[in-house]
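Step one of this worksheet: look at the structure below.
Chain naming follows the written order as A, B, C, D, E, F and G, and within any one chain the residues start at number 1.
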Amino acid sequence: MSEQLIILPLLINLVLSIGLMFFWTNIKAQKVLSISGSFIAMLASIWVFIHVWENGIQTFQAGSWEAPFGITFVGDTLAATLVLLTGISAFAVSIFAAVSVIKARLRFGFFSVFHFLIMGLNGAFLTGDMFNLYVWFEIIIISSFVLISLGGEKNQLEGAVKYFTLNFLASMIFLTGLGVLYGLTGTLNMADLSQKIPLIQNQALVDVTAFLFLVGFGIKSAVFPLYFWLPASYHTPPSAVSAIFSGLLTKVGVYALIRVFTLIFVNDSFIEIMLQSLAILTIFSGGIGAIIQKNIRKLFSYLIICHIGFMIGGLGLFTEVAMAGVIFYLIHDIVVKTNLFLVSGLIYRLKSTTSLDRLGGIYKSYPKLSLLMAIPLFSLVGIPPLSGFWPKLSLLLAGFNEGNYWYFGAVIFGSLVTLIAIAHVWAKAFWEDGKDVKHSKKFIAFDQLRSYQKMQYVVPIVFLALVSLYIGFGAEHIQQVSTRIATEVLDKQTYFNAVFK
Amino acid sequence: MSEILIYILSTLGAIFAMLAAIGILRMPDAFLRISVTTKAATLGVGLLLGAAAVYFNDFAVSTRVQAIIIFIILTAPVGAHLIGRTTYFLGNKMWKNSVVDDLEGKYDKKNHKLLSEDVNAKNKREEEKENK
Amino acid sequence: MLIAVLLGFIFAISILVIGKFVKGKQSWLSTLIPLSLLAYFLSFIPQISKGEIIQQTYSWIPSFNVELSFQLDGLSLLFSLMITGIGTLVFAYTSAYLKGHEFLDRFYAYLSMFMGAMLGLVLSDNLISMFVFWELTSISSFYLIGFNNSSLASRKSALTALGITGMGGLLFLGGAVLLGELAGTFQISEMIGLADEITSSSSYVLIAVLFFGAAFSKSAQFPFHFWLPGAMKAPTPVSTYLHSATMVKAGIFLLLRFTPILGNTELWHSTLIIVGGVTMLYAAIHIIFRTDLKGILAYSTISALGILVFLIGLGTQEALIACLVFIIVHALYKASLFLITGIIDHETGTRDITQLAGLKKVLMPVAIAGFLAALISGGVPPTFGFIGKDLIYEAGLNWGSYTWILVGGALLTKILLYYAGFVAGVKPFVGQLPTKFENVHLPEKRLWIPPLVLVSLGVVLGFVPHLAETALIAPGIEVLMTSTETFHLKLWHGFNTALILSVITIAVGTLLYFVLIPSHKKERFIERFEVISPKNIVLKITEGFTVFSTLWTNFFQNGFLRHYVATIIGFLSLVLGYIIFTNFDLSLDYSSFSDLTVYEVAIVLMMITAILFTVFSRSRLAAVASMGIVGFAFCLLFLFYSAPDLAMTQFSVDTLTVILFVLVLYRLPKYLKMSKNVLRIEHGVLSIIFGALMTILVLKVLQEPVNAEITDYYAQNAYLLAKGKNVVNVILVDFRGIDTLIETCVLIVAALGVFGLLKLRLKTRDKK
Amino acid sequence: MEILLAITTGILYAAGIYMILRRSMVKLILGLILLGNGVNLLIFLLGRITKGKPPIIPEETKVFEDLFADPVPQALILTAIVISFGLQSFAIILVKRAYKVLKTDDLDQLNTTDEDS
Amino acid sequence: MRGKFLTNILLTIIWVFLTGSFEVVNFVFGFVITFLILWIISSKDSENGKYFRIIPKLISFFFFFLWEVVKANIQVAYEVITPQNKMKPGIVALPLDAKTDTEITLLANLITLTPGTLSLDVSEDKKVLYIHSMYVHDKQDFIKEIKNGFERKLLEILR
Amino acid sequence: MNLHDYLYYIILPILSLSSVVVFIRFLIGPTIVDRVVALDLVITIGIGIIAIYSIINDKPTFLDIATILALIAFLGTVAFAYYLEKRNKKDE
Amino acid sequence: MKTIILRTASDFLLPVLLLFSVFILLRGHYLPGGGFIGGLVASIAFVLDAFANGLENTKKLLKLHPGFLMPFGLTLSVLAAISPIFFGGQPIMTGLWAEDPIPVIGSIGSALFFDIGVYLIVIGASLTIIFTISESA
C-alpha cells in the first residue's frame, strides 16, 4: 500500500490541473490553489524522499500487474531526489508565477498546464517503463510548448516554432529507438530490458539503439550538436516559465541519459566515448556562447548548455566518483538554474530590460536584493563553498582517474568561462551606473508593487537561495545522497531485484 | 447457393468499382467525373458489402452492412453536390461539347448565394424597387 | 582557530545586515577585529618559537575528505601576523581615508571578508579548504578592486583581476585534485612524508605546472603580472593590503607551503628561478618609465614578488631565509609607501611624481615615514631591509651554477628597487614646494600613524633581528626544510662579496635617483612597446577568442531552423552509418519475410507515390489531399496486418488532421519555391541517406529472434483476468492504462494550448 | 513484403526530414506528420507483421487458439498516434498564429531570437 | 414532442440492429442512449419532427429505386468504355415543386444517384434545383421527364 | 478455384488495380476538385476492399473499419469543399 | 457553407454518428473500438454539424463549451484509476469488476469508466481545437 504513495506528488499535480480547469475564469482562486497545491506537493515529495531514503527502493506495479507486464513505478534514491527537487522548484516557481505572469496568460490555463508539466516531470522520474517514459516526455513537451507560446508574442512564436520542431524531432528519434528496442527484446520494462539487452546476439544493433536514445535524449538535454532549440527559445517566455524549463526540462534529458546508460545500455564503450567527446564540445560551445551574449537570459541559456556538458561527461566516465559528481551537480544545477531565471525575472521587473547594455545600477539602488541575487549567481560559478563547487571536485577527480584530461580541462575551462560570464553580468548589470531605460507607461516597476507582491517576487528567490546555500554548506549531506545514488545506479542488479521482488 | 450469390455480388461489385475507376480517369470534365463515379462506386461498394453480408449470414453483420450502405447512399450524393458546386465556383470549364449552362450568372459572387434568377436581373429589380 | 578564521566572515555579514544601525561606529568596530586577531596570533609566538606546531581539525565534508583543519606553524604564523598586523593598520587608516563614504560599511565588510579568507588560506592544512579560501580571496578582491563601481576603469580592472586570478584558482583546483588523488589525502601535513613518491609520479609535471599557474597568476609573475598595475584603481587601503602585503603573497605562500612536497626537483628550481628572475628584472626596468606613484609601486611590487619566487626557486636554506626575511621587509616598506602615496593622493589630489615636490614642509611626519621606508626598501643599513638584501646576495652567490647571471640580475633589480623606493618615498617631499600645494594640511593621525608604525618596525628589527629570527624565521624554516642548520640573522657579516654588492646597490641606486628623473616623455616612450606587452598580447588573444566565439556560436546557432535540423540529422546519420557499416554485413535472410501480394503491393506503391507527391507537390491543398491518401493507405495496411483498432484510429485522426489543415490553410500564403537548388539537392541527399539507414536498421532488426513472453501473457490473461477480448483495448485501458491516462492529458494540454494560442491576444497594456 | 515496407519506412523518414528542411511552415508540418507516420510504421513492422489475425479473442473461447498479431506494438502506436495528433494540431495552430503575427511563413525569416537582443 | 418520441424509438431500433441483440434489456439500453443523445441535441427547433416519420418510407423508396441505380450504372459503363460521342452535357435549372428541406434533399440525392444526372445546387429561395446532366438533348423534355418521374413519385410518398 | 481463391486472386487484385487507376487521376489532377473526388473514390473502393478482405479472413470485425470509413470519409470531402469555397471567397 | 442539402443530411447524420460513437465506445473491450475512436467519431459528428449548420448552431446544441468535457472526462478517468485505493487499498489502475456481466456492454468495471472518461476527453479536446480554429478563422 505505502509503496504506491511514491506517485503521490504526481497525483497531487494531476488533481491540481483538473481542479484548475474547473476554476478557468477565477484567477484569484487559481493562484491560491496553485501555490497551496504546490506546497502540498512539495511536502509529499519530501515525504517520498524520506520514505525512499529510509526504506530503500520502492516499486509500485500499476494495476497490480506483475513486472514486466504492467507499468512499474520505481522510486529509487535518484528518482526520489529528483522528485524532491521538482517539488521544491515548482513551489518556488508557482509563487513567482502568481505575481509575475500577467493576468491574460493566467486566464488561459497557465497554471493548469504548469501543473501538467510538473506532473509529467514527476512521472518521468518515477517510471520504470520505457514507453511510459516516452508518454511522460510527451506530456512534458506539450505542456512546455503551450507555456512557451502562450501569449503569442513575436519572439515567443519564433522561438516556439524552433522549440517545437526540434523537440518533436527528438521525440520521434526516441520513439524510433523504442521501436527498435521492442523489436529486439519484446519488452519495455526497464529492469527487464537490463537483463535482456546483454543477451542480444547482434550487439551492433544494441549500439545503434543506444545511439538513438543518446540523440533523442541528447536533443532534450541540449548536448552539442543538438542543442539549438535552447538558445533560440529559452529567453522568450515569461521568466517563471524559463525558470522551470531551465531548472528541470533539460535535466529530464540528463536523467533519462543517466537511467538508460546505467541500467539498459551498460558498459558500452562506444557510447562512453561518444558521451565524453560530446560533453567536451558541449562545455566548450556553451561556454563560448555565454561569454558573447548581451542579454542575461540568453547568457544563462548558454550556461545551461555548458553545464549540461559537465554532467554528460561525468556520466560518460561511468565511475562511482563521477556519477556522484554528476548527481551532485544535477541537484545543484536544478535549484540554481531555476533561481537564476527567477532572478532574471526580478531584474526585468526592476529595470524593464534584460539586456546587459541597458541594464545597470542595480547594486546602487537595491543593495540587499543584489546581495540576494549574488547567491545564485556565485553558486552557479561554483565559488567555494557554494553549491556549484563540490560536484566539480568529484568530476575533476573522476576525469583524472580515468585519464580523461580533455574532460578535466573542459571542466576547468567551463568553470572559468562561467566565472567570467557571471562577473561580466555583475559588472554590467549591478555595478555600472544605471541608464535611463524607456519603458512603456503601463510597465509596473518593482517599486510600484504592493508589498505582498514584492514579497512574492523575493520569497521564492530567497527560498531557493537558502536551498542552494544548504547544498553548499551542507555538502556532506548532499554528497552522501549522491554517493548512495551513484552506488545504486551503478549496480543495476539492485534495481532489477527491487522491480522483480 | 449463397456461395454463388457471393460470386455474383463480388464480381459485379468489382466490375462497377472498376468502371468507376475507369470513369474518373476517362471522363473529360470534372462534372462528368463526379457524376459517373458517384453512381458506379456506390453501387459497386454496395454489392461488395452485400457479398460480405451474405457470406457471414449473421443478423448483426447484415444490419451493419445495411447501415453502411444506407450511409453511403446518403452521403455520396451530398458529397457530390458539395464538390460539384465548388467545381462551378472555381470556374472550372465544362467539356467542350456541353450544350447548356443554366447556372451562368446565378451565383451572387459577393455572398455566394445561389439565386433562382439572374444576378443582374435581380439587381436591376432591386434598383427599381429602391427608385420607387 | 576556526573562530579566528570565521570572525572576518561573521563580521562581514553582520555589518552588511546591521551596518545601518552602527553608522559612524563601523570604523572602530571594524578595526577591533584585526586588532584582536593580531593579539590572538601574537599570543602564539612563544609556543611556535619553541618549534611547536598547533593543529586543529573540524569535520566538514568527510565524504570528500574535506576538513577545516588548521595548522599554525612558523610559516602560517608569519603570514597571519602580517595579515592581521597590517590589517589593523589598514583598517584604521581606512577609517580616515574613506571617512563619510556612503558605502563604508560595505567596504569594511569586503575587507574583513578578505582578511578572513586570507587567514583561512594561510592556516589551512587541507588542500581543498585552502582552495576554498583561495577563491574567496579572489572574490572579495573582485569586490574591493571594483569598489568604485561607477568607474569603467575600476570595473575593467576588477574583471581582469578576477579573470586572471580566477583562472589561477581553477588551475589550483586542478592541481589540488590531482595532488590529493595522488597522495590519497588532502591533508598537506600528511603529504610531506610522501614527497618522494609524488615527485617521482608521472602526473608530477602536470601537478607542478598547475600549481605554478595558480601561484604565478596570484603573485603577478610574468606574463600574468599585468592585472596588478590595473588593480591599482582600487582605493589605496586595498592596494596596500591586497596588492602589496597579503593577497599577492598568497602565491608565494603556496609555493613555500609546497616546497617540502613538490620542491625537490629540477623542474621546480629552474622554473621558479627563470620566471622569478624574468619577472623581477622585467618589472624593475618598467619602474624607470612610470610617473604615477602607484604605478611605480605596483611595478616594484611585481619585481619584489619576482625576487621572492626567484629565492624559492633557489631553494637553499639561505635562499629561503632570505625569502622569509624579504617577505617581512617588503610588507613593511611597501605597505608604508602605499599608505604614504594614499596620503599624498588624498591631500594633493595627484599621484603624478613629476608634479610632486617639497611636501615635507606641509607633511613632515609623512615625509619621515617616507624617508625611512625608502631606506628600508633600499636595504640601507641599519634597517631590516639591509639584512634582507644582504641575504639575497648571499643566497645567489652560494647557489653554485650560473652565479653571476643570477647575482647580476639580482643586483640590477635591487638597484632599481632602491631607486623606486627613493622616488616614491623621498622625491615627493624634497625640493621646492609648488605653490598649488601650499594649502596642503597634515591629515588626521589615523592616516599618518600607520605608515610610521610600519617603518619604525622595519628600523627596529634591523637592530634586533633575532626577535624576528626566533619568533618567525627559524620556525618558518623548520617548516620549509626537512633538515636545517642553525643560523643567525645579523646586520654585520663582515667584509665579503655581498657587502660589496650592497655598496654598489646603494651607490648606483642613489646615482640613478639623481640622474633618472621620471618624466612623461619616458612614459610615452615605453608606451610604444605596449603592443608587445603581455597585457596587450593577452588582450589580443582575448579579442581573438571573442571573435572566434562569435563565429563558432553564430555558425551553429545561425537562426535557420533547417540548419539545426540538418545538423542533427547529419550527426545522427554519420554515427549510425558508421556503426552500421563497420559492424553489419548487409546480407538478409529472405526466408523469414512474407510473400508479396498484389493488393499489398498496390497499396504500398500508392502510398509511396502519394508520399512523393506530397513532397514535390506545388500546391498545398494537393499535398494535404495526398496526405489523405497516405493515411488511407496506412489504414488499409493496418487492416491487412491485423490491426483493426489502428486502422480505425489512423483514419479518424487523419480526417481530423485534414480538417484542421483545411481550416487553417487558406489563411496561409501559397508555396513559393524558396530554397536554392543546391540546398535542395543537399537536403535530398541527406534525407535519402537517413531514410536508407532506417530501412537497413529495420531489416536488420527483423532478422533477430522474437521474444513473445509479454505478448503471450497478455493473450493468456486478457480475458481471464482483465475481462476483455480485444487485447489491444485491454492493454490500453488496463495493462498499460497509465499510458492512456497521460496520453489523454496530452490531448487536453494540446487543446488548452490551441485555445490559448488563438484566443489570447496580448494587448499593449498586458505586455510588460 | 517486409522489405517493401521497410523501404516505405525509409521513404517516410526521408520525406519527413526533407519536408522539415524546407522553408515553408506548412511543409514543415507535413514533414512532421510524415515523420510521425514513419515512426509508427517502424514500430509496427518491428513488432512483426501477421496477416489477418487481429489480437481479438474469438467469441467462443477465453484465450487464443490460433495465431494472433502482437497487440503490444498496436497499443503503443495507438498511443503514439493520439499523442502525435495532439502535437500536430498544436503545431498547425502554432504555424497559423506565427504567420499571423510574423507575417511570413518563411522559416528563414524566423531568426531574430537567435540574434543578440 | 411526438416527433422526438418517434425519433427516439427509431434510433433505439437502429441501436438494436447495430448491436444485433434482441433482448429486452438491449431495447431499454438503446432507448436510454438515444434519449441522451436526443437530449443533447434537443435545442434544435423541432419543426422537422416529422422528418423521422418518413424514415421507413424512405427505406422502401430506396429499394424501389434500386433498379434505377442499376440502370444508371449500366449507362455509365457504356459511356465509360465507349468513345464519348453521344454525350451532350449541360447544367439545367429545374423548377421545384418540392417544398421542404427534406423533400428537396431527397430529390436531389436521388437525382444524383440515377442515370446521367448530378444535382449541383439548390437556389437560396428553394425554387430551383440546378442539375448537371450527361444528355441534354432537349432541355424542356429533360425537365419534364424529371418532374413527372422522380419528383412526382417522391412527393407522393412523402406527402 | 474455390471462393476464397476467387476473391483472393481475382476480386482483390481488381479492386486494388481500380484504386491505382483512381490514384492516377489523383496524380494527374489537373484541378484540386479532381483530386478530392479521386480521394473520395479511392476510399470508397477501399470500403469494398475491406468487405472482401473480411470475407477472405473470415473476420466480420473488419467491417467495422468499413463503417468508420464510410462515416468519416464524407467529412473529408465536406472539409475540402468548405475550404475551396472559403478560399474562393477570400480571393474575390 | 450553408447548403440545404448538406444541412438536411447532417441533421440526420448527427444522431446516427453519435449513436455509432457510443456503440464503438462500449464494445471496445471486446471488439475494435473503445473510448478513443468513439470520441473521435463523436467529435467528427459535431464537426460535420458545424460545417452544415454553422458553428454557433452546434455550440448552442452542446449547451456548454466542449472544453469543459475535458476536466469532466479526466475526473472520471482519474476516479476510475484511483478507485481501487478505496476498495481494499489495491494499487492504482487495478481493474475492479462487478460480479455479473450485463448484456450488451459485458462486464461492468472500472476499465469501462476509464474508457468513458477517455471518450469525453477526446470529444472535448478535438472539439475545442476545431471550434477554436473555426472561430478565429
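Note that contacts are C-beta pairs under 8 Å (C-beta built on N, C-alpha and C of every residue); 3 or more make two chains touch, one makes a residue touch a chain.
Given the structure is predicted, the values throughout are model-derived calculations rather than measurements.
Peer 1: Chains in contact with subunit A and with subunit C: which ones?
Peer 2: Of all the chains present, those in contact with both subunit A and subunit C are D, G.
Peer 1: Applying the document's contact definition, name the chain pair with more C-beta pairs in contact, D-F or C-F.
Peer 2: By the number of C-beta pairs in contact, the winner is C-F.
Peer 1: Name the most central chain, where centre means the mean of Cα atoms.
Peer 2: Going by the distance between chain centres and the overall C-alpha centre, it is A.
Peer 1: Taking each chain's centre as the mean position of its Cα atoms, how many Å separate subunit B from subunit C?
Peer 2: Roughly 79 Å, centre to centre.
Peer 1: Where the CA atoms of subunit D average out and where those of subunit E average out, how many Å apart are those spots?
Peer 2: Here subunit D and subunit E have centroids separated by 39 Å.
Peer 1: Could you work out how far the Cα centre of subunit A sits from that of subunit G, in whole Å?
Peer 2: 36
Peer 1: Need the CA-centroid distance for the pair subunit A / subunit B, whole Å please.
Peer 2: About 57 Å, centre to centre.
Peer 1: Residues touching two or more other chains, restricted to subunit B: which are they?
Peer 2: Subunit B, residues with two or more chain partners: 15, 22, 34, 42, 58, 60-61, 64, 67, 71, 74-76, 78, 81-82, 85.
Peer 1: Taking each residue of subunit C in turn, which ones touch at least two of the other chains?
Peer 2: 557, 559, 561, 565, 640, 644-645, 647-649, 652-653, 655-656, 659-660, 663-667, 694, 701-702, 706, 708, 710-711, 714, 725-726, 728, 732, 734, 736-740, 743-755, 757-759
Peer 1: For subunit G, write out the residues touching at least two other chains, lowest number first.
Peer 2: Subunit G, residues with two or more chain partners: 1, 3, 5-6, 9, 12, 16, 20, 24, 30-33, 36-37, 41, 44, 47, 67, 70, 74, 78, 93, 95, 125, 129, 132-133, 137.
Peer 1: Output every touching chain pair, sorted by label.
Peer 2: The set of touching chain pairs is A-C, A-D, A-G, B-E, B-F, B-G, C-D, C-F, C-G, D-F, D-G, E-G, F-G.
Peer 1: In the complex, go through subunit C and note every residue touching subunit D.
Peer 2: Residues 557-562, 565-566, 569, 588, 590, 592-597, 600-601, 604, 607-608, 611-612, 614-615, 620, 623-624, 627, 630-631, 634, 637-638, 640-646, 649-650, 653, 656-657, 660-661, 664-665, 667-669, 671-672, 674-675, 683-684, 686-688, 690-695, 698-699, 701-702, 706, 708, 710-711, 714-716, 718-720, 725-728, 731-732, 736, 739-740, 743-744, 746-747, 749-751, 753-754, 757-758.
Peer 1: Would you pull the subunit G residues touching subunit C in the complex into a rising list?
Peer 2: Where subunit G meets subunit C, its residues are 24, 28-37, 40-41, 43-44, 47, 67, 70, 73-74, 77-78, 81, 93, 95, 97, 101, 106-107, 109, 111, 114-115, 117-118, 121-122, 124-126, 128-130, 132-137.
Peer 1: In their shared complex, at which residues does subunit G touch subunit B?
Peer 2: 1, 3, 5-6, 9, 12-13, 16
Peer 1: Can you list the residues on subunit F that touch subunit B in the complex?
Peer 2: Against subunit B, the touching part of subunit F is residues 3, 6-7, 10-11, 14-15, 17-19, 21-22, 24-25, 31-34, 36-38, 40-41, 44-45, 47-48, 51-52, 54-55, 60, 63-64, 66-67, 70-71, 74, 77-78, 80-81, 84-85, 88-89, 92.
Peer 1: Write out the stretch or stretches of subunit F touching subunit D in their complex.
Peer 2: Of all residues in subunit F, those touching subunit D are 53, 56-57, 59, 61-62.
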